[in-house]
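Per-chain residue numbering starts at 1, and chain names A, B, C and D are given in the order in which the chains are listed.
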């Protein structure tokens, strides 16, 4: 199988670097084009990027010459790691020109016909691509978004509980600094400190969560009819957003039923067999002091949401803690998994990967 | 006025050191006896203590020879910074022997006749000293406790709102490492990390809060009839416990009414005139990203509870963030203020300080 | 005595804020004008400055309206907290217009006729003000600089050892993030990390040290004839630059002679009596693990250089560790002390403070 | 090939956990016995160990029941992660009983007949095993040590420079907290701080370095005849010891010669083909601000020493920065590599692995 060519918008930023790192040895996709701001355009990636992840930039991208933001691209698949302002109008322009655009930007995330896709949770939302193609006159192009990085562990841990009737959700986050990009948070602001505010974050958490957990009714996503209260904090943690969640559930299940729902949670085929899908979308820790950002953010190669401390909440009924790697499952890794699902479902014209085997045999008995 | 002699139990630990630091130049009290574990007993303080606060141990304690835990003491006033296990039976023994014991330990905190005193909030609970004296046959002795350090900013910020009818309280904390004493938290556990669990903490927060906010009815404290859900996290912060609070208030006041309640909050006389009382028990920050532990824990010499981000909570009605210095207002500083109130109220036999002036003129107009 | 009016250039930055904080209750100086970039000009300080120090901006500056960089100023004394690029041409322009400019910027620091003043160490260099006035035709104006913040603890701790014949100096620093200003160092770069490089820093340390330790010969500073090797590292520390120093001394003194030289070190009168002068310019810690940045940076209100671990160096003869608060003694505090010396010495036209008393009686016996 | 059974002494500690993690899928070795203090003995590993590394303890050790320290063991190969005091007398006892003991403890490290083995640097020191067997009457037993974790990056980066005549070495370290074990360093000591002292560390660095860089002459290691000055600091970094090194070299090579010596440095066969050997023992970073602990400690799976910033030192001639992962290359990983070399060289009775292929083809051209 020849690999699909891939372009990355915003390739020099923190999330762009994470895309490059995760795609280095991807079995289906190959990075061939890199796009960044005018300041970087024309230089090779090795020259232009200040690499902020571990080690050195992968050899396969070092000599790629960076294209400016308004370039026409050749790669059929485009990942966008642009900041919100820069995403406009390029994401729409490229989808319009026939590219599959999987974006991490918040710009177009809440458009009615753009799926806010989290494969295990709402794979059926992918049908919005048909809606957008019909509505916008696109044939091969598409625009698929992934959510705010902080709501990710909330949605992943609550999705298996929809069967119990989610009514109220109260979230207090402790978010890693990498969520603010690079250079992002000043060290003077966060060392030996907590910042109890992140602009715009709480609104996104309160709305995107309900849309992602909603169901597709005809051409529209019907939001989950629950009430959400979200509070955001920035903490001196490199990667990994931790959320304390209280939730009320209509059917008042026993705690064991919740543990079982998490343990059995997979996603419908072919999701468990996609290259970037974790064996366990949700993993529960028995130890009372886990999950912890530094020790557990890389669980399942950063694609598993880890949960712990399930117990009664005197006010809402249930409470627990959840954690996701914010730049892997919460950003680049999710976009890649979304693209894998699009490919497996035949949405990428001229590219049909063979989804060889289920990972189910990897599961603990 | 001759200063009152003071002994400190647990003088070599982190809270003991804070007592020593805060009492260095105290206008009423003078440290004359230091008590610690057998390992330290017999050595001078300078020899025995590994000083973990700034600079060096104050000159006035360096040469004091440490007494063992089971010593008889001379000082009329005793501050206890002992861990829970070590407090038994010495706090009761010393109160029984006629000493005023102001304790920071959790051991005897919830005894029915021990006031869990926070002067601005529940000065009238001090009458429990009369109850305990009558009941236990003490004449000059007394045992007065202060609360868990994490519930302190909750109680201080909610006390002015009792007038609105507090019904439900949901708290998620982000607690400093100094709350665990010294050596306490291992650096390997907390650097670049959050630990979403502190053993026993949530229970204390859910009960002590209601007792402290309660009213004295005859010989008993009637707890505030509210429901509390508390969640504890440890964060890589040296000092300062930050709490995200959601609260439902029966009378549904306007946000401005809450701001006004905080701004006007003092305590009854003579509290505002006590040496360790802050000018503002509660200070509200207008900036959206304050209070922050590192920048605001020392507000009001560490005795003010700072609050911020008052806004609507979609679930409980109101939410905001609060912060207190956990080893000053949340521990040693509160014990000292409690002792000042006991002295001003005539509970310390043979010692009647002159409370010279109100600090009211220090207040912003 | 009426206080001298003072202007601060770069008032909204991290060092500018420190100037404001240190001058809040200064007995001689009063902040009346604030100058910053065009972005801030025209707004009040409370509106324009994002306060990054503790608490809130002092009341005395909140309503001062910020002037643009190219303003003519009224205050006779000007403190410059400008970044290097912005300092040009304003520092020279203002000195030329008759102002006393005490600068923290590196721009003009190594000009032959600009004293790189550290009062205890090289008070006689102040005579360069006469040289610059003569040479440049200034009557009341002057330009006085203080050094790079990292070389400060080196120079302060080595100055008392000049009597032993300093020949070689090897320095390895561990520098706080506040040395890079605000926002300065990205948290993603420094949390759980050390950066073994700070652009331009090592050169400054190797040259400024020798000029500061040099002696004034006629109109010129004759540099100390020693060889310096400096290595810079950035560490995850808020304030306080720590330096490991190895030094060779010609006369090979006993370690006790060095300890005595430090203990006796003051500065010539009137320096010990200036308002911002520390009681001890150099303080030695006996404990083997001190000084430490977090615990000792505020020693002597941040104006004392603390040293420790004096021992033999198998290569250079002697080694020890030294620490200074980089934004107090290493920046704003030093500029203020320089201005106090200029005032006491009669260099500020029309302003002659009464240096009331020596602090010598504050010294330990 | 059947895997060789392996026991781990001190299995529940931080270095013990690292041994378990690194051996989880080792091609030659299989963990079958775990030994720890009496407190843990008798319990399964999952019960006894508080896992402080990422995720959860590997499945292959969870149910192994821990043996007490004085047990007789079955595994031919024993890795010791014991603290110094606990190592006595068990390491000698087990070697005496016929086991190959690869130890990370400092207890027996400097015994004349115990090789302080670092394969790429001093593989020939392995002949001391023959010496110890002859001298002590051992047939299958052996005791092989690895060095202090901080000297590791010094020795690895200097070994390729022995050809230039090393004369003087000045080292200033910035050491990670994991070097102190678990719980080890208190968070209250190290957050926002540097501790300029680690007990006993500097002595070890000054002696072990010269022994490791020495040559075997008959039955003795002749130490490298150089002078070393070492200074230790503890920094708020999880893993990765960084050292600033100044060195004088007799033949005064050009900087390019040094870069070339590092780039070409391997070890003699079969070292580059051993399972745990890195492709590059030493890797030089061109970027001026690398290597950095957090970003580069895992280079070469934590077995590569990374270096950077090679430049002139005004005092000693050359200076640069070096970094090693202290619990991988500096502890468990090095012991495992040592055991692999012992196996490949036929020192482990009854176990002769097939060293299948060189990794040389993995090298960049």
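Annotations for the structure displayed:
What we mean here is this: contacts are C-beta pairs under 8 Å (C-beta built on N, C-alpha and C of every residue); 3 or more make two chains touch, one makes a residue touch a chain.
Note that the coordinates shown come from a computational prediction; the quantities given were computed from them, not determined experimentally.
When the C-beta pairs in contact are tallied for A-B and for A-D, the bigger tally goes to A-B.
Chain centres here are Cα means. That of subunit A falls 48 Å from that of subunit C. The centroid of the Cα atoms in subunit A and the matching centroid in subunit D are 39 Å apart. Mean C-alpha positions place subunit A and subunit B at a centre distance of 43 Å.
Multi-chain contact residues of subunit C (touching two or more other chains) are listed as 52, 191-192, 236-238, 294-295.
Chain contact topology: the protein chains form a complete graph, every chain touching every other one. Subunit A makes touch with subunit C in their complex at residues 14, 52, 177-178, 182-192, 236-238.
Put simply, subunit A touches subunit D in their complex at residues 51-56, 191-192, 238, 285, 294-296, 298-299. Partner subunit A is touched in their complex by these residues of subunit B: 168, 170, 172, 174, 191-197, 199, 206, 227-229, 231, 233, 235-238, 242, 244, 246, 288-295, 308-309, 313-316, 319, 321.
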